[in-house]
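Input: structures, listed below.
Two complexes, one shared chain (chain A), two partners (chain B, chain C).
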Partner chain A sequence: MNVRSSGTQPIRVEQDVVLARQTARKLATECGMRLVDLTKMVTAVSELARNTVVYGGGGDMDWEIIDDFGRIGLRLVFRDEGPGIPDIKLALTDGWTSGGGLGLGLTGARRLVDEFELDTAPGEGTRITVTRWT
Partner chain B sequence: MERIPILKMGDFLLVTIQVDMYDQLALTLQDDLTERISRTSARGVLIDITALDMVDSFIGRMIDTISSLSKIMDAETVLVGMQPAVAITLVELGLYLPGVSTALDVERGMKLLEQRVRL
Partner chain C sequence: MAALQDGTLDAIKNQQSKLLGDWIGALEANGATRNLKEQDVQQQTAEFLRLILDGIRNDSGNNIAAPGWADTRRFLEGLSNSRALLGYDSHQTAYFIFALKGPLFTVLQDYYRDQPASLAEQLLSVSELLDSFAMHTIRTYQKTREAVIKRQQEELLELSTPVVKLWDGVLALPMIGTLDSQRSQVVMESLLQRIVDTGSEIAIIDITGVPTVDTLVAQHLLKTVTAIRLMGADCIISGVRPQIAQTIVHLGLDLGGLVTKANLSDALKLALTRLGISLAKV
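Let's look at the complex of A and B:
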């Protein structure tokens, strides 16, 4: 698997969520993603970036355009050094929120991408990797 | 502070969302709209999201809240202009907006509101 291009951008404040969506849209377009797939990916980005700000206390989004034997994909990593998620199973339940949200961000994002990886531990921050192939 | 404008059209209020939504803007709109409904005794609210290329759970909840608030204040809400890709994504996200009526465009939305209000 080849990495064609990559980068990082900060996700510290609310406005960064908008910027993260814009970057994801631009990258997905570069990948040649269909409109529906692009919309799904951008929506997942919105949910995950918001969590990074609200629950993770801010962090970064790493992006990569990858090429797997001609198959092009967009891979994004949302990482923070916040409190982490104590109960992953609970957090991945539709409708569960520790705040005042709808509790659809993590589960929804997982449904909207092709690959979803959650790496977190209490006190160790959170790292979520999502990939969408074209 | 940036605000989403609310237009009065007869007995109805029209909100056209044309900017990249962020959370504070959504909350401000909720407050502004509630205040306008009560001040103008509007019977209906049209929310036009033709320009939105994405609706996440935050915006979805805002739409749902506006619709519930309007109902309490005796006004109907109709959501218009949702792009097909956005609709597909919303369902997969798990957001069904059960209490929200939708129409294809502003014109049809107005007709729907008129019917509702006359009932």
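Let's look at the complex of A and C:
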């Protein structure tokens, strides 16, 4: 698997969520993603970036355009050094929220991408990797 | 504060290419050259070193606010701006300077091998100077980012939220742009007020111009619709494009309680039917 290009974008404040979406939209277009797939990926970014700001206390989004034997994909990592998620199973339950949200961000994002990986521990921050192939 | 000696100048000049090589090596090892062209990195490191040498040669002192350091400051401001736009964080940006410390200290240690007092003094002096430049870089970086954020905030809030009367009793609200929470609040308040003012029975919220419908946007829509209903009016959501509809399904959002239409004209037809108005060609 080859990395064609990569970068990092800070996600510190609410406005960065908008910027993260814009970047994802641009990258997905570059990958040649269809409109439906692009919309799904951008929506997942919106959810994960907002969680990074709201629950993770801010972090970064790493992006990579990858090439797996001709198959092009967009891989994004949302990482923060916040409190982490104490109960992963609970957090990945439709409708569960520790704040005032709808509790569908994590589960929804997982359904919107092809690959979803959650790495977190209490006090150790949170790292979520998502990939969508074209 | 002791000034930088001519010896330090000589030491740097004699070891210039090794110094640059080690510096770039340190930058690369820490990912501080990501997305930068190799030749840009070479040019930027060489330029900064040249500016430092000039500064020392001209006895500009250790206060980087002094006129002798004006070019160096300007160079770092440009660097910081371009890094901010490339998405580097403040740490990565300042690392450009911090990474020079190690290689530079090695050079000085070598040069002042037999003069421990001078070595200590020069190390401290160089270190202070570089720290000041790093701080200057961080401050500039922050200013750039704040300016970007402020401009975007203004752009978002500037988008007007017109409430249009389509028919007697039918209001339309075309939403355009990003529905961040602050704006949603403004939108909702103005819509509710207009419903009261006009005594309307049906409100159409058109989301054709909203590029992303995520769970936060959905939550705002649901709240708005609930408030409208509490006021005794009805609400139709229009402009739900196919890709948005599919995304909503995957998100697991239950919008079953909402009446939705693909476009504004379908929504208006439905509204008129509800009001008992039928249109015919004449």
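Annotations for the structure displayed:
To be clear about the criterion, the second predicted complex is superposed on the first by the 134 of 134 C-alpha atoms of A that agree within 3 Å, B and C clash if a C-alpha of one lies under 4 Å from a C-alpha of the other, contacts with A are read in each partner's own complex, and residues count from 1 in each chain.
Note that in this section a residue touches a chain if its C-beta (ideal position, glycine included) is under 8 Å from a C-beta of that chain, and two chains touch if they have at least 3 such contacts.
All of these numbers come straight from a predicted model, not from anything done at the bench.
Superposition note: with chain A as the common reference, chain B and chain C are in steric clash. Look at A:L118: by the touch rule set out above, it reaches neither chain B nor chain C.
By the touch criterion defined above, A:I72 reaches neither chain B nor chain C.
After overlaying the two complexes on the shared chain, residue contacts for A:G105 are found with chain B and with chain C alike. Look at A:K40: by the touch rule set out above, it reaches both chain B and chain C.
Legend: residue contacts after superposition of the two complexes on their common chain; A:L92 is shown touching neither chain B nor chain C. Between chain B and chain C, C contacts the larger number of chain A residues.
Taken together, the two complexes place residues 14-15, 17-18, 21, 25, 35-36, 38-40, 42-43, 46-47, 50, 94, 101-102, 104-105, 107-108, 111-112 of chain A in contact with chain B and also with chain C. Touching chain A in their complex are the following residues of chain C: 34-35, 86-89, 145, 149, 152-153, 156, 178, 180-181, 211-216, 218-219, 242-244, 246-247, 250-253.
Residues of chain A touching chain C in their complex: 5-10, 13-19, 21, 23, 25, 35-36, 38-40, 42-43, 46-47, 50, 60, 94, 101-102, 104-105, 107-108, 111-112.
Those residues of chain B that touch chain A in the shared complex are 20, 22-24, 53-58, 60-61, 83-86, 88-89, 92-95. Interface residues of chain A facing chain B in the complex, by the touch rule stated above, are 14-15, 17-18, 21-22, 25, 35-36, 38-40, 42-43, 46-47, 50, 94, 101-102, 104-105, 107-108, 111-112.
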